[in-house]
Every structure is written in C-alpha cells, then in structure tokens.
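There are structures below to look over.
You will see two complexes here that share chain A, one where it goes with chain B and one where it goes with chain C.
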Partner chain A sequence: MKTDLKWHIRVNVKAAIARAYVRVVGTNREFSWIFFDTLLPLLGTAAYVYIYRAMDAPEEYVGFVLLGGAMTAYWMNVLWNMASNFYFERQGWNLELYFIAPISRMAILAGMAIGGMFMTTIRAGSLIVLGSLLFNVSFSVSSVPLVVLTFVLTLVALYGLGMLFSSLFLMYGREAWHTSNLLQEPVYLLTGFYFPVRALGFYIAIAASIIPLTLGMDAVRQLVFSHLHFGLLPVHVEIAGLGVLGVGLLYAAGVALERMERAAKKEGRLTLRWQ
Partner chain B sequence: MAVGSRQAVECWRTFRLAAWLGWQMESNWADPFLFSIYSIVKPVSHSLILVVMYLVVRGQAAGAGLFAQMFVGNAFFLYVGQILFGLTWVIIEDREFYQMFKYMYVSTPNMYWYLLGRSFAKMAIATVSVVIVLAFGKMFLRLPIHASTVDLTMVCLSMLFGMVSCVGMGIGLAGVMLIIARHGGHASEAVAGALFLLSGAVFPIDILPRFALYLAKALPTTYWLEGVRRGLLGSGMSQAMAAFSDRELMIVLAVLSLLSVILGTLTFITCEKTAKSRGLIDMHTHH
Partner chain C sequence: MSEAIITEQLRREFRVDKEGKRREAFVALDGVDLEVNRGEIFGLLGPNGAGKTTLIKILSTLLTPTSGRAVVGGFDVTSDPYSVRRIINMVSGGEHSGYGILTVRENLWLFSQLYGIPNRVALERIDRLMDIVGLSDRARTKVHKLSTGQRQKMNFIRGFISDPEILFLDEPTLGLDVETSRVIRKYIREWVDGRPDRTVLLTTHYMAEADQLCDRLAIVNQGRILACDTPSALKRRVGQDSVLEIDVSAQAGRLQDLSGLSAKRGVRRVAISSDGQGALTHKLSVIVDGDGAIPGVLEFLAQCGAIVTGFKKTEPTLEDVFLELVGRRLTGENGSQVAHKG
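Take a look at the complex of A and B:
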C-alpha cells in the first residue's frame, strides 16, 4: 500500500532532495554571490573588528566578532531563504504546486534549508578562515566534538525556528515580510552577535535565549575561547537548552504549519498574491 | 509647451507617482502605530549594538569624544543602507515578486526618476530613523549636540552632497541588479557593509591598513560623515581628514559625489544594455 510509513518517508526525502537540488544548481548558475556573499560581508564584519580596535579592546573580541559575523550568514539564510520563502514561492506561482503534491511542507522547508546551507556554509566558513588570517585570531578550543555538537544543535534549532516563521507566510504577506525585516538588528543586539550576551544582563540574556543563536553562540564562544570566562550559563546547560529548543521548535513548526494552512484556506489567503 | 519643459513635467510626474507608490508599499501593510514601532525599533537596536560594545570595553557609554563620534557616524550611516537598498530592491521586487518591471519599463518615460521616486520613501523613513536615533542619544546618552553650536550650513551641505553620492552608487548597483538573479537581492547590504568599514562610519579611518586608507579617501561617504560630525559635534573623527579645512572637505565631497553619479549612471546604462541583449529584463529566478 502506498500509504505506509516507508512510502511517506521515501517520498518526503525525495522532495527535500529535489528542493535542495534546485537551490544548489541555481546557485551554481549565478556566481555573483561569491563576491556579494563572501568578500563583501567580510568587509562589513571587519568594521566591527575595527570598532573594538579603536576602543583598545582585548584581541579576543575580534574572535567574538568573527563568530558573530559567521552566524549572521545563517540567520540571514533562515530569515530570507527559508522563513520568507513561502512568500516568494507564492509570488512566483510555485506554492500551489507544493500544496497539491503528496508531501509534507516540512520536507520542502528542509530542502530549502539544506540547499541554502550549502551557500551559507561557504560564506560563514570563508569569513572565519579569511577573518582569522587577516586579523591573526587564535582560538583555544577546549573540545572539538563539543563545538561540532553545539553548532549542529544550534542549526537544527535555528532552522526549526525558520520553519515556524514560515508558517506565518501561509497566512500573511507583506506583514510577515516586514516582520522578517524587523528580526535583523534587534536580533543582532539581543543575541549578542558582536559581544558576550551576558553584557545585556542575566535576565535579558535568558529571555533572548528563546532565539537559539543566543545559547549557540555563547556556548561556541566559551568552547573556542576556553581561557576566558564570560559565559552566560555553563556549556553543558546551554547544549541541553539547545537540544530542548531544537525539539520544541520543530514540533511547534509542524503544528503551526498545519494550523496556519487550515486558517489560510478558510480565509482564502493561501494563494492570494500581492497582499 | 517646449520639449524640454514637457520632459521635465513627465520626469516630475514619474518621480511623484513612484514616490507615492513606494510610500504605500512601505507603509500600508500595518496600522500607523505598528508602523511607527517598526520604524523606531530597527534603528535604535542598530545603535544600541554599538552602545553595548562600547559599554563592554569601556565600562560606560555616554558623553563626548570617541563615543559621540561613533554614535553620530553610525546614525547617519542609516541613510547609506536605506538608499542603496531602496534603489536596488525595486528591481528585484518589481521584476521577481510583483512581475511588473517589464510593464514599468515600457511605460515609464525615464527609469531613473522611477527608481528615485520608489526609493524616496526609504529616504523619508531613514530621515525619521536618524532623527529618532540622535534624539535617543541626546536624551539618554548625553550626546554633546547643542543647537547653539551646530554648524547648520556644514550639516546641510554634507547631507546634500552625501545623499547625491549615495543615489549615484545606488543607481549603479540597481544596474547590476538588472543582470543578476534574485538571491543577489541582498547585495546592497553587502555593499553597505563594505562602505561601513571603508568610510570609517564608526571608527577613525587612521587605524585601517594603508591600502584601505587610500580606498577610504576615495569614497564620498567618508567626507560626508566627517562633514556631518564637524557640523554637529564641532570636530571630526580622524587625523587623516584633519588636514582638510571645512571648505576643502566640502569641495572634495562635491567632486566625489558628482563622480559617483557619473559612474553610477554609466554602470546602469551598461548593465541595462546587457540585460536587454540577454533578455533579462523580465527574468524570474525561482530558486
């Protein structure tokens, strides 16, 4: 029977691969991103390095900035290439096709995430490598497996959050687009992209931990600058928090996608363009 | 009516209607209260990042000196991001999302005035943002801006030439948008990021490596921000700019602004020709 679990898994994995494939191929057809997405963001991040240098800050802060700059790439990818992509897909007449196909919306979103990660990882990686070489940053990593684990958990939770946001775009148009736009600078501030998040005060930082980047960046910074003591919480607590966030956000995304789809169909807004 | 004056009327009408359209698209997605909150939160957060960074290193973030220079530079740099984004995003938005670009292209007598009009709303929002950020700095961070000491002529001239230079760069970048895919839509942010570094928006350009210092001195935004600082705070930020008198600073800024308009327009024309010859004017890139 075609409705068994095995068939569902197979067809959803194929859908995710297919969606990722389009994005990777599309990226390879347009090489301007190498300049706009790797070299220029490095200059933007370098500005924050020079701010610290102008203030005679300890050299470790340069490393903080580079890690923050690298994570910016993932946050931008989540916001614009995943969360708001349903908006773009609707404008481009593709959304209906996803909804009539016998697949989960999360498979499509996972495909977007995987495809987007290809470009984003190159951007983030080049920023870390080139930035470290340019600014002579030295890392004192306490545990490579823990860094990898933290990074992976952060990405899972982050893309879960992206899926949750994407559900908004099933119902709303420009309102959700502007919400994504709003989630840039305030998030850079609250999650401590360019400074240790503890500087915001314990309670604000804990409240900001609902965004996985807060705990993720703090934990990675603690692990790669192990000789400094600036962390918000002990690393193992932050890793556990990221695990909980990842599961919780993915579950919430599944529920939200289903509910928003139903509500959008009811109000006739699912395929409504230019709203 | 003479041909020249008819063209001027058409350009003005294109600009006016495009500005109206741009404003509607920017603002009518929310009620005025929500829109006001949205317009305040973004720029204030942008400035608070700098405040917290300063606080982390120096223990306090307020008053005159380096902090004030950084704060003012950061506030006025909001214009650069908004103008570049405003001019370039129109291409992506109209072409890919609303799929109206080809119709605009054939019906608009002058594409430049359409682009300028559409980006005008962003300039207006940027103006409000800058005022809010400066008021925030004055009220909560003891920014030393006093009405009695502000050199209004210097500020106004810097703003005029600075805006012209940004429009020039934005037009050039809009041309590039004509020939690249949708995912290049954030190129304006990347370019603004590079200008943020090279213009010394938030640090003295003296600490840049020598080759970057030469680039900084070739950018109009460097002189613009220096002029605004001198006008508002009474002194500039970098030693490299100190050699210029106020008058010399304005002359260099005016020349560089004119150059950026010429180069931006030439880039737009070249890219437009390429887009037409490759059939990219109504390109859709769904990936």
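Take a look at the complex of A and C:
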C-alpha cells in the first residue's frame, strides 16, 4: 500500500512536469510571444496611462495600470490555456491518452498551470520592467513578503478557477474559444484591471470578488502603493479571502473533474471530437 | 486467471440526433461476450461501424458500458478503472496525438512520463523502438513536420513505451506502407512472444493482417460477435466449399438477373460488386457446395447473357468467412449487392 502511494505520487509528479515541459519548451520555440504577449499588451496599457496623465491623475495611477496590464497576461493564460485545455487536447487527440493513463487529471492541469504560470510570469515581468522604464513608474512597497504571499495566493486561486472551468468547457464548450471570448472583456471590467475596483461600488465589487483577480489585484496595489487609500477591503481581509477562494476553487475543480469525467464517459464526450 | 479480457453481455448505446430535436438510441454493441486469453493476439474483424472501436474504448476505460460487464487484467473497467489503466495502453490508427512544437523524442518521453517510467529507461526504450520502426533519423524533428506515416510510426512506439500487459491496437497499420506494416506486424508478434503475460487486442480491416497476426479472431458486425475462433478454424467453416471469383460483362439491366444465381442448386452465397451504377463489368464472389456446382453456375450466367471474362477458383480466406457469416464482403463495400440463400 505504501509502495502504491509512493508510485502514485511519483507518476503524478512526473506527469505534471512533463505537461509543464510542453508549455515552457514549446513556447520558447515560438518567439512571437515577445511581440504578441509583451509589446501588444504594452500598447493597450499605454493608452490608459495617457488617459490618466491627460486627466492629471496622481502619477501612481500609471503604475496602477501597469500592474493591471501585467495581470491581464495571467487571465488570458487561464482562459486560453487552462480553461480551454481539455477541450483543445481532445481536438488534438491527446485527451484520450491522458485519460487512459494511470494519473490524476489534476496532475495534467497542474502541469499546465505550472508551465503557464512560469511563462506568464516572464511575460508579465517583462511588461512591468519595460513599462516602468518607459513611463518612469516608482513603487512604494510596504511589505515584500506580503506582496509575494498575495501574488502566490492570487495565482493559486486563479488557476484553481481555470481548472474548474476546464471540466466545464469540456462538457459544455462546443466552441471553447467563444466561451473564452465571452469571459474575457467582462472580467477586465469586473476585476478593475485599469482602475480601482472600489469605483464599481462596494456591493458590485464584493460580488466580483468571486473572481480571484479582483481581490488579488486590489491587495497587491494596496501593498505596492501603500500611501494611497483606494482599497476595497483591508489587505489582511483580502488575503484571507484569497486563501479561502484558493482552497474552495481547487476543491471544486477536483469534484467537477470527477463528475465531468463520469458524465463524459457515459455520453462519449471524451472521444467524440466534434462535440 | 488466464483471461486477460472478459466481457459479459456488454452493451453500449449512443443517443444520436435525428431530424428535428428527436434523439434516438443507436446500439453500437449488443450483448458482446468475449474471452481473450493472456499471451494471445486477439483480432476483431469487422466493417466500419461494427462496434470494434467502441469495444476498445470501453476496455480502455474511455467509455462506460450501458449494461453488461467488462474485466481487463482482472479489474472491472467501471468500478476499478485506475487499476486497469496501470496495465494497458492503446494505439489508434490515424490518430494525430502529440504536440507539433516538440520533437518526436520529446513527445515520446512526455507520454512515457504518464506511466512513471524512469527517464533513462524511457529514453532507452524510445531509441530502441525508433530504430525498429525506422524513425531514428526523425528523432529530433518537430512532430508538425512529420508525414502521416511517420506520425503513425511515432504513435505506434508510444503504445509500447509503457510495456503494458494488455495493448489495444485499433487499426495499427492504417496509412502505413507495405514494408513498414510488415515490420510492425513482426514486432507485435515478437513482443507478445517475448513474455507470456503480454496480450494484444487488435482491430483491423485487413484480412491478411488478421490472418497472419492473430491467434484468434472474432468477426463482428452490427455490434454482435458472429464467430470467434482461430483463423484456420474459421476458414474451415467454408473449407469444404469452393470459392469462385468470376468477372462478368453484362448489361446494367441484367444485374438483377445475376443475383438470381443464389437460388441455383449448390450455390451458398453470392456477392456482386460493380464499379458503379450502370457499369458493364461486375465481380461475382460465389461460394458453392463443391466443384459439381460450377457447371450450373456458368450455365446460369450464359442464360443471363453475361459474358465470363475471368474465372478463378480460390482457397477460402477470412474474406470468404465474412461473406459466409454476414452475407457481404468486408472489403469493397461500395457498390456491393448481396444475394442471400434462403
């Protein structure tokens, strides 16, 4: 039994590493990401920077927007590579091979998440560095460990949401890219990518906090621009909220995957590529 | 337990969309009972839509049966799929799995990791298998640059990487050239003979492949198993009979007359295939009780105004077994017309 558990852990870790390898190595072989994922988002972010400057908004708002722009990369990664992952894997014949292997489906999604986080962090980091240099942004960080903790919790919760979506897209996403498109713009608005989320009104912002980016970005912004007072909730409350969201979404993803697999095997959706 | 695979009254239905919003049940498998012994290469032979792939998908835990039971390696596929997955692997002909951006070797390594194989062992196996199927020169080629045949070779290797106890091969030589198909068939045989507990369940369209490779065969049609035995025993079913391959030239309007051949004394089965509607030349496959029935057949054709342009008497093949059991040929299904006796 003990050997079985050891084998089980080993095979799942190996599977996750192998899946992450595809993402990391594969992406690095296509250098177009430098243009599409760094320079193009920088243009979008720059537009907001000039709007704030034209309005004579506090200079910190430039950094504020830059952080939002960097986090956009994570949301795009979660939508297009996590949530749609099983759907696209099925189209590419790989899903069957993952599902006949003696591994947890969470291992594949975890590998995808790790690979995605790694590559997206490089992109988001590049955007922040490049944007900071271009627009001369200065940060006043109150606590580096808290920023790191908030950022990590945000990513765990965010990718947990991606895992949850993954099983939903597999079952209901006849056209996964349409669903992804549908979720893209509303989330930009609801999470406050380019403005303090409190501007939406307290109750709407609280409701939007079901999306981990809302609390995550608000908390990071409060910690990075500590002298400004625009937060939705106190930072420690938002961090606690992110922790709860992370655990809850990962648990929900596990349950949803199990149920979806059972239903998909019953209806033949693991093997029918046109559905 | 000497059986690698057991199915009992296995049934699988699919709900399919019909006109309007109506959904109807399509029966892909209809009460399949099967026993595959350890150490054997077992073939499933049948036309498209016979249920072969559905059966493999159930046995490989990708589909649940609507009713009945399937046991693989002693584990129930429905209640204990995880244990089944540890001992199986599957290759489907014509599949396009893998990641185009990775090389052949990287893709194969990736799939080996899903079975927890240590890196060194996995890479040794990959190199050896690439050598066997002649893919070594493409080891560092990105998969999106491979030809269909090369991709199929890669998929074939993938199935063997985990050294499974039970391997499902769904049309493994589909799209491969003759020489590569020969090498692959030889490797399958050697792989099974190499260790007594290895088992292969193979589906194929190719009669020669089934005949050459399989220890036992099940002939499947419309979700049912019609016969199950060794290839030679199956052929003995029509062994006392003669199989006539006759090419005739006849006017299109006389085609219906030709099907009346099945009513002649001594004629057991007739299958007529034509190149298309209105064609003048037709190929007749006729199973007769013995050589004594041949003059009657030729006389009948002459009466129909058909001119015999080719005549061959052959030994029974699996194709003839299929014709005997199903009433039509497995190959050349298009343009076939069947005449049943009785």
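Structure notes:
Assume the second predicted complex is superposed on the first by the 268 of 275 C-alpha atoms of A that agree within 3 Å, B and C clash if a C-alpha of one lies under 4 Å from a C-alpha of the other, contacts with A are read in each partner's own complex, and residues count from 1 in each chain.
Going forward, contacts are C-beta pairs under 8 Å (C-beta built on N, C-alpha and C of every residue); 3 or more make two chains touch, one makes a residue touch a chain.
No experiment lies behind these values; they were computed from the predicted model shown.
Once the two complexes are overlaid on the shared chain, A:81 sits against chain B while remaining clear of chain C.
Of the two partner chains placed by the overlay, only chain B lies in contact with A:37; chain C stays clear of it. Of the two partners chain B and chain C, more chain A residues are in touch with B. Residue contacts after overlaying the shared chain place A:14 against chain C, while chain B stays out of touching range.
Of the two partner chains placed by the overlay, only chain C lies in contact with A:97; chain B stays clear of it.
Once chain A of one complex is fitted onto chain A of the other, the partner contacts of A:26 extend to both chain B and chain C. Touch criterion not met for A:210: it reaches neither chain B nor chain C. Within the superposed three-chain model, A:266 lies in touch with chain C and out of touch with chain B [touch as defined at top].
Looking at the shared chain after the overlay, A:50 reaches chain B, while chain C stays out of its contact range.
On chain A, the patch touched by chain B and the patch touched by chain C overlap at residues 22, 25-26, 29-30, 92, 94.
Residues of chain C that touch chain A in their complex: 14-15, 57, 60-64, 82, 85-86, 88-90, 92, 95-99, 101-102, 106, 109-111, 113-116, 158. Residues 22-23, 25-27, 29-30, 32-33, 36-37, 40-41, 43-48, 50-57, 61, 76, 80-81, 88-89, 91-92, 94, 115, 119, 173-175, 177-178, 181-182, 184-186, 188-189, 193-196, 199-200, 274 of chain A touch chain B in their complex. Taken together, the chain B residues at the contact with chain A in this complex read 25, 29-30, 38, 41-43, 45-46, 48-50, 52-58, 66, 70, 96-99, 176, 180-184, 186-187, 189-194, 196-198, 201-204, 207-208, 284-287. Of all residues in chain A, those touching chain C in their complex are 7, 10-11, 14-15, 17-19, 21-22, 25-26, 29-30, 92-94, 96-103, 262, 265-268, 270-271.
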